[in-house]
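First chain A sits with chain B, and in the next complex the same chain sits with chain C.
Let's look at the complex of A and B:
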């Protein structure tokens, strides 16, 4: 029997693996999201009972270097999440149901006006699987599978399907749990599941790019006791005052309760959570959002608007997002030459790290180098760039994570520079889907399955989406919206409304560039709010043993 | 009955003080003079239009006569008035996390005040002691306080530019114009209706629109 040490205040055995592990794009380049409807409580509970032993927990794998001996990284991972309607149909008692927060009870569709899901993003345009006839949430249970290969994925998918059939046999109801088709894909609108896959480079190697060509998923929040590498605190934790953002002294881990229910959060309290505590502890919420990307429109606009503003197109693309397409942050690497030089070093270190012909010592040294360089990708803030002359104030990644810049240069305005940010962080999971090699059309099958995880959908995801993506007041940018994600209620976008400013040095001689007539690049295609219970809670749900008394 | 008008939310909170609010009055006097730093957050927090804390003695509560019964008030009350952008439930975290110690001083020893962190008791305290707004009006429903301040800055510059433009050569004007744009690069953002911050507010507004026809 192997033994291993968990250096953590969280029982990682109890926490589902998708919450803490990113299931990185290198180890798990393919994923499948399977949606179910629960028609019979017995079948649903039996399905969960059969799924529990298949689930992946958050215990670190031996390969990750955090523990010497531990569980080995499996060829595929499996996790399960439930909507409010799912919990209700599984027979979770009314008192527990009523203790869930409003937004979760309502579901994502009902929150469309809060989220700005209007026009092309409106729920009526979502994939068929998310459509509802009776006003209830159509999807009750979500199984997410990540895998190292298509074969491993197919095998695990088969096993999950067998579990569903076995559950229906037990219940004596062939539609007790019913897999819901209706995911739009290259083959039509009725796929039995949603696939996701890391985009591959010219050598076929899975990489970190998304369909607009940016390196994605660089900076993920870092939480106390999450068992991940401690240097990830740089850029991932909460910003501290008086230390450089390039060092780990400049950051501290976010409280575990920002990610997981049943643990203290940044407000020094337990996050509001459903009863009984055994139902909520070590669980969290997951926002599943399918976002279609209009790649042709994006390419066309980038080329024409860059020309109009007399800019290099790559710089234009970088200004929209706050990072160069290769991932280097504008705040640290304001010119393309600097960004490219940095990226070349990063790529070289990565290649050396995985170079099988090198000696272990060489590889260890390369690993160190690679990790140090990766720290530079996230170890920065906007304190030296308050006006936005390097990274525009309204750039996508700066909006999503202002990194303590909301003091607007007023040092010590707040007790901590991250006062307005620390409770708005979301762990991002998910992968691109589809193929965008034909860049001439918008209506192919390409986009991203965006998944956000956190202890409060309303305080974290909805706030960021509404106040920071769809509005500008917190950045003193009026109603300006995020250029990448803005949705518009009608087809004819007033060119002056869809705008973004690329600021310049206020004391310099340059003139700010203002892009206008930004078309809609991203369209919501469906999704919902899910609860990701702990393994303890799932077992209790499966046994019908949830009792809030 | 709504605490929301345009982009603004009203908050009126009445809380009983101890010892006639003497300590609070001292704090109100001392804080802006000697502990300015504690209030910097209030000025930086871009969502706040204004915030005011006042102590009101029992005898100063208005009585309209006309048979209004006289209250037997045992406390001096601290009255907190604020207008801010966004929604209270949504921004409670921002208030509490960014202004924490300042808020604790302003509500010092008010009866039942739980301190601003943890947030849930603070949130409950404010909600329990707040008085809903009967009538609330915004003259510029599209503008947040940031927008009003920005518009004032732009106006001042435009007036100056217009005043000096007549004597300029085209080249000089171009220069002056560019300087103005640079100076106000983030003062000229889009002004539009608020995002929907609450489904209840959205429903109230839709209802009001329907009734207007």
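Let's look at the complex of A and C:
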């Protein structure tokens, strides 16, 4: 009699690496996003076949020390994603195509009204590469490259280009796979690709800042079996009721199916997914959005509105997003002095951790200290701040991840504090682009390539964007929009409509402060919805062997 | 349960009433038309205005009302197929207060539209010619329901609209008078209170049925 060993968890060799790993954090500060049109199925399939061996998977790298066996961290990473039109042109069978969700089939442009891509963000204002003449999605295939250096980036870009040319040779069609230019950059509107790069500090060291000056990407969701460090569950998992949010007992991993198709999700079922399961399992969706940042307007508004409200400008900036510019959460560090003291400790521990003159024992101790402090950046909720007196209820990071606060302090309103949040989490990837050192104008080349990953674009990204960013009712904020992402259909909007409240202790004598006339800080410049297939699925697509029958 | 008269109301102390009525539509061809009565009713419903221009927005205390045509039941397999004996005009309304005064208010405010909508329903033309007979007619068609529209509290509509209006106006007032001196604030607030008429429910207030802030405010 044969016994079968049932393995739990995820086959990380089958999952593309950008799904699990925020490459920026692994020392890949530069990225290139390359867009392709597929004119001939044979060329497209051959291109994918040649790309598969180059792709980075989610297997942990040995340095991370999480698993015994690991692969060595490469100098660059490569991943690939496909739009609906891309899948169609690659010859994926009709029955499989019809089983994809509506929003993916429609693409991001067609979802503009849901996403608030109106006015300056309207699709007609997007980069040329995202413009369409025939109504079909113009971009079919996206290759994302992250690298430790510009040289490594250039080399991998060259190799990807060679693969595309080789695929065209095989197909006997020099435009079978066609790289699409038309990304706006400092040099004009026709760049052959979109570059991204972590912003550098005054010493030239790449860091986690974005163009408005905030520390970005601190708290990413933590999923079961995702192979990342288990302590990331603090602040990254789902909030449990009876333990402190500062400890790992206060959180549980999110179900894998919130991130990956073919695994059970928070509803204890498989997320809706295209057929056959070979096509969908271990795959997921990626939302690519190029978001231009109006840095001059932002700086001007922060200075003038803070003065108007008699506030320190740094506090004003912190209230907008719920974190101090150095990343310390307002909910735990309500004053700038506390935030700075905390950040100094964090920076010191980080420096000690990577201090090459220190002994291994000293460095191990510093690593431990650094990780503990990082947990404090994420290990909090709003239970002590329901009214929003420290972190405003409408602060950007609180809207994006309410951390159980939608019970509004009423214990056991739901079965778990995160019942309304756990199915709306998105893994954020991506990097800033451009240079905002000239902060006197808005129209330079600077912004962020925002990427959201999750098992359902509609349930997760679109919901958060429509209900939590562009509307305020779930937070009892009426029709207030998120201050950072608010978009307006035209310029003569009533300034009282564009507002945000900084709440105070409801039992105290202080008066809440309300900022008004918030201008549009962020403009969408393009993007689309992509499917990120597993390695298995990519091979099947390349062979033309996707069989939904 | 048809005609059992069990309106939806949970819990019992609530002033929120959920009415469901199924009114049979006449069978056959509508006189002078090359179509069924059902098609004529459908056309009538499609021609009704919605939101703040809906006739139901003129019926006092309506939280949410729906009209649609129930053509048949779904076949769910296995057992013998079943069909409805008739096609029905579905009328559902969630409102504040008691059923009879609500229906009387409906007749008093939108009698022409009620006649237009229900004219091809069985026995309507021959039995309904007054508020009381309309109440009787709807009660005969009433079925029990247990689910209520959950987007409203159980206060009278006028109070809810005034509350929403005041919340919006007061928010605007606070936002636009930050930093004012005590004297300025007192005098501004007095003129604000004069303008919004806190205790006056019939105006200024929001418009029933409005779907956007702009359309709600045209009333105030």
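Here is the rule we go by: the second predicted complex is superposed on the first by the 537 of 549 C-alpha atoms of A that agree within 3 Å, B and C clash if a C-alpha of one lies under 4 Å from a C-alpha of the other, contacts with A are read in each partner's own complex, and residues count from 1 in each chain.
One rule holds for everything that comes next: a residue touches a chain if its C-beta (ideal position, glycine included) is under 8 Å from a C-beta of that chain, and two chains touch if they have at least 3 such contacts.
Note that the structure is predicted; figures quoted are calculated from it, not measured.
Novice: Fit or clash for chain B plus chain C once both are placed on chain A?
Specialist: After superposition on chain A, which the two structures share, chain B runs into chain C.
Novice: Using the superposition on chain A described above, determine whether A:516 touches chain B (first), chain C (second), both, or neither.
Specialist: Once the two structures are laid over each other on A, A:516 reaches chain C alone.
Novice: Using the touch definition from the top, say if A:238 reaches chain B (first), chain C (second), both or neither.
Specialist: neither
Novice: I'd like to know which partner A:268 touches here: chain B for first, chain C for second, both or neither.
Specialist: After superposition on chain A, A:268 lies in contact with chain B alone.
Novice: Just to be sure I read the superposition right, which of the two partners does A:478 touch: chain B = first, chain C = second, or both, or neither?
Specialist: After superposing on A, A:478 lies in contact with both chain B and chain C.
Novice: Mind working out whether A:467 is in touch with chain B, chain C, both or neither, as first, second, both or neither?
Specialist: first
Novice: Which partner does A:503 contact after superposing on A: first (chain B), second (chain C), both, neither?
Specialist: Once the two structures are laid over each other on A, A:503 reaches chain B alone.
Novice: Answer with first, second, both or neither: which of chain B and chain C does A:309 touch in the superposed model?
Specialist: second
Novice: Can you tell me which of the listed chain B stretches (25-33, 79-87, 97-105 or 115-123) runs into chain C once everything is aligned on A?
Specialist: 79-87
Novice: List the residues of chain A that touch chain B in one complex and chain C in the other.
Specialist: 478-479, 496-497, 499, 511-512
Novice: Given the complex with chain C, which residues does chain A contribute to the contact?
Specialist: 308-310, 478-479, 496-497, 499, 511-514, 516
Novice: Note which residues of chain B are touching chain A in the complex, please.
Specialist: The touching residues are 7, 37, 40-41, 43-47, 85-86, 90, 93-94, 96-101, 117-120, 144, 146-147, 150, 178, 181-183, 185-186, 188-199, 202.
Novice: Give every residue of chain C touching chain A within the complex, in rising order.
Specialist: 167-168, 171-172, 174-176, 178-179, 213
Novice: Give the list of chain A residues in touch with chain B in this complex.
Specialist: The touching residues are 110-111, 113-114, 116, 266-269, 272, 387-388, 393, 406-408, 410, 412-416, 419-420, 422-423, 458-459, 463, 466-467, 470-480, 496-497, 499, 501, 503-504, 506, 508, 510-512.
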